[in-house]
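Written out below as structure tokens is the structure these notes cover.
Labels run A, B, C and D following the written order; every chain starts at residue 1.
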Amino acid sequence: MSAASTREQRLAFVREFAQSSPYYQAMGTSLLELEEGRVLLRSGIQPSHMNAGGLLHGGVLPALADGAMGNALRTLNGEGAQILTAEMHLHYLRPVTSGSLLAEGRVVKSGRRLSFADVEIRDEESGATVARGSGVFIIEKKQP
Amino acid sequence: MSAASTREQRLAFVREFAQSSPYYQAMGTSLLELEEGRVLLRSGIQPSHMNAGGLLHGGVLPALADGAMGNALRTLNGEGAQILTAEMHLHYLRPVTSGSLLAEGRVVKSGRRLSFADVEIRDEESGATVARGSGVFIIEKKQP
Amino acid sequence: MSAASTREQRLAFVREFAQSSPYYQAMGTSLLELEEGRVLLRSGIQPSHMNAGGLLHGGVLPALADGAMGNALRTLNGEGAQILTAEMHLHYLRPVTSGSLLAEGRVVKSGRRLSFADVEIRDEESGATVARGSGVFIIEKKQP
Amino acid sequence: MSAASTREQRLAFVREFAQSSPYYQAMGTSLLELEEGRVLLRSGIQPSHMNAGGLLHGGVLPALADGAMGNALRTLNGEGAQILTAEMHLHYLRPVTSGSLLAEGRVVKSGRRLSFADVEIRDEESGATVARGSGVFIIEKKQP
């Protein structure tokens, strides 16, 4: 956590980071809620997210999972650090065919060398959990 | 493995499946090589793959990983089955900033109830391994 | 879930299964609490659990994790099914040197083909979470 | 890698570490082969490794996996560092009922902050792969 940044600065940084992310824009992903150590992303499923079999491509959920966990960590680390994913694990609990998804990322442990986060992805309409995962992240302080 | 499909039919199905995938088209992903139990995908990194910090978004690699493993399984199962990802795990070994990626997916075990695959993602220019992963997949036979 | 078994029969089966497990006896593991879909195991750390560096061997936590998740699944499936671990994932949050551990296993999804569970391992004295994990399990109905 | 230790010193340290490990002795595990970045462990399956259903307890394989990966990292880091497991992932490919197991651990990337390793566990008699996994490890330099 950057000593020089306040809570408000860090949350504002995450809002700006998410809004300006080319990847989020391409994926139709937006930031619904954020607080220290937790964010909620929303992603509307688009035709380009489907595989040729009419199911959500298996890569969409981990992309959303990584974004939710990374931004949860950014709420604690602010602009002064880069968040590098070192490991990700995801369980796919239910197939997804349409609608919109909510991804809630939470910091599990914010450490000196490594940080751990987890994520739950739910169908927005039904509330059913469609995936759960977790990850290990390196927090790399930027040189001032 | 569908008794009714030949090796040629199954490989042709995977070629068609990859070419017609909306997700692959959106991601700039193409199928370079395929044989029974193994495929090689190529994905050119696009501006829309970056996060706001100028690094490849952590969701691009699992998306590519899932595609490579799923299609490796499709070479064995052909048109008669849906491949459902149940679990995915990925290690991110090196940060990626530009260029193009090769993802090699291989079937580790093709089982009656579950199949296992692994994947290695390399930087196309340097050949350096940037990620390694594995997954568990359900093979769901389509009703004829 | 076996139609022929009542809740009481299933919980009694898990109690008996845990008590008679040679592995549990060798590991000093006992079953503290159980209900449908959830168990709590306790394991006192023994000298034989340490590595040569004086830290808990990295294999003790996944062993405990697997036991807690497997028995949580047994509370739903009873004597009529074998629980086969297909995949396990664990995050090690804090090093452990002594004392006793509590492992809480919970069923996340009990499916027809696959079941998912998660686990949290805590230091009994401090309550601190030392590891979190999850797994994929195959439920194999025994032939009558 | 400790600048002060030679290859011979590091390999001798791993031999000694494995032989003196209380956990290895309790598990019947021995070190068969070692070279820089790779070790081969052998573990004879004992009655105390079984669950009450007569199958190898799901915790034995990750224990062996962790030992093989940790010692592969010790061949590069020697006595001057502690190897802390941060994450482990394992796929269980085939059920095991008896005999002996070989676990081959290899370093995938030895980094400044994190190291990555993988492991393959085979049935000694048949040579069949029974499990494959990988892990993230923290290398903590000991204070001189």
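One rule holds in what follows: a residue touches a chain if its C-beta (ideal position, glycine included) is under 8 Å from a C-beta of that chain, and two chains touch if they have at least 3 such contacts.
Bear in mind the structure is a predicted one, so any value in this text is a computation, not a measurement.
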Farthest chain from subunit B by C-alpha centroid distance is chain C
The pair out of B-D and A-B sharing more C-beta contacts is A-B
When centres are defined as mean Cα positions, the distance from subunit B to subunit C in whole Å is 33
Distance between the CA centroids of subunit B and subunit D (whole Å) is 29
Whole-Å distance, C-alpha centre of subunit A to that of subunit B, is 22
Among all residues of subunit C, those touching at least two other chains are 86-87, 89, 91, 136
Contacts from subunit B onto subunit C in the complex sit at residues 86-87, 89, 113-114, 136, 138
Listed in rising order, subunit B residues that touch subunit A in their complex are 16-18, 20-23, 25-27, 47-53, 55, 57-60, 62-67, 70, 82, 84-92, 95
So, in the complex, the side of subunit C touching subunit A is made of residues 89, 91, 93, 108-109, 116, 118, 129, 132, 134, 136
